[in-house]
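Chain lettering (A, B, C, D and E) follows the sequence in which the chains are written, and residue indices restart at 1 in each chain.
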């Protein structure tokens, strides 16, 4: 145990200027972390690209404008040429534009899955953590059932159950898997909060139950959930690719998504590796960005790591 | 790599010999390939199959993987000329219809014996026909006796569903007379289907062949279908090794015709297409079916023999007239045809040898109308036709299937991409729906939910009825042709042609129908015929690619 | 402990029943299903209807479910419609299970053998370049889609290393005893068969091992870091114990607790990865069956395999919990 | 010669991108053989860091230790890692504050005792076990044979601390450092442990460095007391002298702010204003100045020097005149 | 002034121990508080003292209904507080406030001091307007000796003593009659403890508060309290005015406790006779029969002690004790003898300090 150091930290903290909330001080620590900055930069570029991509893309990503250069019979696809930086894909669409625009759909999948998973988890976790008793039991049994399958396999199974696969079902499959994770995470910290002195103090003050839950328990339980969300963003993007790979993804590829682009070209991996490599690299970089952010965030928010 | 495997096998054989007695109970499998054989005679051909055969009784078979294995062991009364869809004699040396076309006399080949050493004769033929006609319970299911139901109709105890088949009489040992209830162009070519191969009556009885049970969501089959298929073909059943996913057939030394050159055929089940390719390259298999069109060129370069089958299928854009009244307008349907750049699509998306379809059957089918010319791509024309029909603001529900490849549709997604691009360019708005082939697509298409859909057909035989008859022979079909007045006309015309006993007249009628379909009705838009292929190592000879995928390995040799 | 085990097993039965009910209901309510699978594009409305009736699919869903349960009790989980059409689902599972166990075993072995020492070293050199590099490496390991890595290994590494790129395909001619190819060779004395089986295992196992490796590495690192900060390590130092004793008895033994749990969770979760890896390497295991099952909507097989996956996952985790109790006296004595 | 001579010991914690932090700032004291020396102070005064520095247990990275710690003629700070390991546990024993976290939870008590015997006295395991049993017996653990096989969580807090003491004394060290050994315990247990330590130290002739924040503990146990503030010794004297006449305002204030059991009820406590957080660095001032009722201008301008007068060491510009009551201060 | 404000009657708090194969059933109880009677008069400070695990905190929380008592009731200002439900209970809470041990954990780290203080006001509709609230907050801060600038700060920016002041201000905000202070100074540095102790005393004078101070430090309790109750294993063993208790402890446990506390005076220390208790506190899940203290009592007698639980009885005016032999011990008739320590079984996880909710499995605990 780095004794004196932790004490020193405490003293440092006290010397800080007025009115620094916990979040603000966590942010202060984050700003100093180069790893976080790398992650944040990656994500920043990714988000900006995805928002602007429809205007940045030199070509329409859904129009097979180079189809005359596609010859399936000889496994030929359009090579890079003026106006088409990376050539065309299997259907003669501009590959570079698809990569660019793909960032948008990828962001939608990641954010969508995270939001749904988060919302479901928040509802279940809050119910279980705030009410306890039989509600807790019921919620946790549901969570148990969901957790008794490895998560990716559960996502595959859920995706396979939709009669009509689409972008939305992909998001749903990936997000449902996250619900129990969020729920348990939240329940755990809510339960801890329930027994914490400051919640007791609020109860003793006569603060209403609802206010205690939403003003004290929930906000103080959110840190691990926020961290998890960041990590889920990465997972969702990777899992969406796995779904596509298994033919469980969004079959409609007019609006491209990286995972789908990667999963769809498995048959030509050996002959046109660049069709897989580009989206794969994009996915890896973005997933890494989110993970870096999540991990540094975890460190910054974890009281144990404040040393 | 190949070398080390070979060397190792000899070594194992020695050890295995010693350990066999000790491990007799474990059901161990010995080295299954003997690569020592050379020359044209003998040897083992290992063929990469995409799936496991469901069973070995051809009558109950419905899928290609099952037929592939069965057709090496069985023969029918008639067969198809190698490489064509033309009927030729097989177990029957001669067959003649009566004047009314309802009574057929088959003269049987003599000296033919089943694999169980019993005699093939007219009685055996009639036994087989009666067996088929007398299916009970689960045996009557569509999923089991599909080919009988499709081609002969009902069974003996289904009076509400009459059968084409009436009776079979063994006039003498080598003459069987079959009576039909009505005339059809299909007969006797249907007897060339592997389903209607002749089995040994003794074995059928001994192994309880008709005992099919529906269990849960599937069927279970008797011992005959699983372990004791007994036909007359050049190969006999060896074994089905489920642990290793291989089916083994051995040479029938008592074959009545030219004996097989190979000692053994091993069908090795490799579900993954890429894996089959790699297995071929690694020398683990000698050939496989349905190589990805994109790989053909590469395989050829690597010295493999890509055997392209004559295209015997049709890929079409299905139109359902029911939901959108605009689609009942011929102009709109024609606009769709003009809008699609079929030339381009065939060139870019389909394998070598694919052709634009001018009608709903390939040119090898009787009744193909040579005079029909493919309508060229003309987006402007499409637009003006739509305008004429007052359908400038057309929105169509366009279905395409995921998770499937079909010989006529190697990559539905890419085909959809090309077609939808063309349609949109013509100003048609699309509401795209994708469903898994076996997870709702077929059901929805059958239930008439889409406006446009992608589908196709692989022919069973060379009769026109098998094509246009199947598509439009009734009015409540997938295209809902009954919505338009001509739907009934078309169905009637098809029924009439089918029951025309005179072949020349029949052909003429079909040619006319085809012309009308394309000019006046246009119930759907034929797009292409694309050839599937097989690929073999260069030392494999003698397998003739068949439009019906009716490849016989009897004449094949290796090395 | 026994009480706990029984309790967990009872819970497992409950979970399996609920799960099977949900899966069954859902699969039955889906369009398509067995009828489409059996009839294909040749289906007509009549034939569909007839077959539906014949298979009893028109009966109320709970009737169907109880019938299913009854059949399941006798080991009949239905017949495959897509993976190996016509084969019984149970047979498919039994036949493929050893392959997946073998693959998972080697994958987790690799993950542990590399992850634990690396994690320990990184923790010991916390903040140093070795630590930073390996942490970033592990993060990248998690960020790479498994199947992409598998393809890289298959297409690039296999030719570079001269290893077979196909799993379990061409090792057919050895004597089969247990279904575990590596073991069979050892039992029958066909050592080259074992060697061959191992060759076929290496690349898929590496692909499958990446994520467990990354996770085990990071948990080990974190656990060691935590333990290094513990008071009892300081006590051990104050006793003047030698570094190896402190490492083994005081640091690692305590750090192992979360690591073992993670290993268990990862082992249980390997099946997810196996679906992807086995598909890429055409490795004839349960994962491949699942992959094909998903693709071809083979519901009987999917139903059984998913339930089996659940059982395996829960049992593995139970075993881990129990092993945890073996390591940690605080839990053992409860 | 003293058994332990600590001279000008300083510990500076240095973290990347942060100002160095002087946890211990020039501490000097001696421990004679058999003597008990107290280090007293509040949290953050550097007393624990001092003990860790003596034992060589501070992290190598991030903590810079200067000065000298001469034990039996050798400077411990100059010893190699290996040499230091030989000393720890055999000649230098240490007892920690939290007996639960200071014992390895997954190793039986027996092994935790025997391993030190095996290491330093080269005993085989069997023999060590017998010795361990005797040790547990000696520290008052009932049924020692059974306890040897048990794990820390199966023992009560008091028993755990006894076990820790047994471990620390297993090799009969000449010096025992006890870092708040009773803080985590209840008073009745504290009394047991303190009396045990007193007894054992006397029996073995071990010198004891007692680190605590509790002046009561020091009053009953130590021969000499060092009062630490902000990493420096501010006052040092024999215990009777120190308690009778505390001269440093901090010592004086501490004594006045503790409620005493034997004081009549109603007597007001006199707290020291502010908290440790109000410290200013020693560099050019007295760290205690902001809280000091006696503070003069010089206190904020000049670091007070250590003055050794009449057996009392004092670091103060304006010491308390003996007999004055503590100054009443408004809080904050 | 001597009117009774709080009356606790036969208060019991038993925590069920649950386990089972299929369903959790109760297999035993942790007898955290097991029949306590006490009265607190308006304006006085009642000190509750005892070692950890004796149930003093549980009793305090049960009185506030922060734990539900198993049995018994608490009458507060003539009203039965134990039976109040819902909104009535919530309203009533305004009058009884609590100060916690750990000043940091009892303050919501995400709220500024202002919102911490306003919360209680708002809950009881005392938040009447921006102006008046702001004024009230300034008053509160002034009362506890914090600058007004503290309002915008967050708890982690204060020192321990300052945080405890915030905690006290929060309790004060509602103008309570009773403040239950659970170990109010034990987490603080020695030099700071006195500040808080003095503050509590000042506030009592200023606002006429009644205190229940719960602490393990007898010196602090003695200093601050008018009357002191000593708890051992869930029950009161002695109750007296603080002078009385110190001058003449009647219960053997109290005697031992008093003798164990070190005094910062070498002269006193050198002279003192210590009564060292053998062994540890028995587990409250399995308390000894008869007198709970008999296993460690140096005055234990052959009869009665291990069979009969002594009741709290008044031995002399205002001085109650629960010991069968109190008179004899007092008179010196019974002399202490040596006691062999009795093994105390720990590690069954039934410590009352550990809440009985937790993850269902180890994996659950470790796998967020």
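As a convention for this text, a residue touches a chain if its C-beta (ideal position, glycine included) is under 8 Å from a C-beta of that chain, and two chains touch if they have at least 3 such contacts.
Keep in mind that this is a model prediction, so the values were computed, not measured.
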Treat each pair of touching chains as one step and give the shortest count from subunit B to subunit C.
1
Chain separated most widely from subunit E, comparing mean CA positions:
B
Chain centre separation (subunit A, subunit D; CA means) in Å:
50
Cα centre of subunit A to Cα centre of subunit C, whole Å, reads 24
Centre-of-Cα separation between subunit B and subunit A, whole angstrom:
47
Touching two or more other chains - residues of subunit C:
30-32, 230-231, 234, 279, 295, 297, 330, 333
Residue numbers of subunit E (touch at least two other chains)
159, 347
Per-residue overlap in subunit B, given as positions that touch at least 2 other chains
274, 403, 435-436, 439-440
For a test of understanding, state which residues of subunit D touch subunit E in their complex under the given definition.
42-43, 140, 142-143, 151, 153-159, 186-192, 194-195, 213-220, 239-240, 243-244, 253-265, 267-273, 275-277, 291, 330-332
Residue ranges of subunit A in contact with subunit E within the complex:
13-14, 16, 18-23, 25, 132, 140, 144, 181, 184-185, 188, 191, 195-198, 200-208, 211, 215-216, 219-220, 224, 228
Touching residues (chain side subunit E, partner subunit A) in the complex:
61, 64, 66, 90-94, 96-98, 100-102, 105-112, 119-120, 123-124, 149, 152-154, 156-159, 167, 170, 174, 355, 357, 359-360, 364, 368
In the complex, subunit A touches subunit C at residues 1-2, 144-145, 148-153, 156-157, 159-161, 163, 234, 238, 241-242, 245-248, 259, 262-263, 266, 269-270, 273, 276, 280, 283-285, 287-288, 291-292, 295
Enumerate the contact residues on subunit C facing subunit D in the complex.
127, 230-232, 234-243, 245, 249-250, 253-254, 257, 327-330, 333
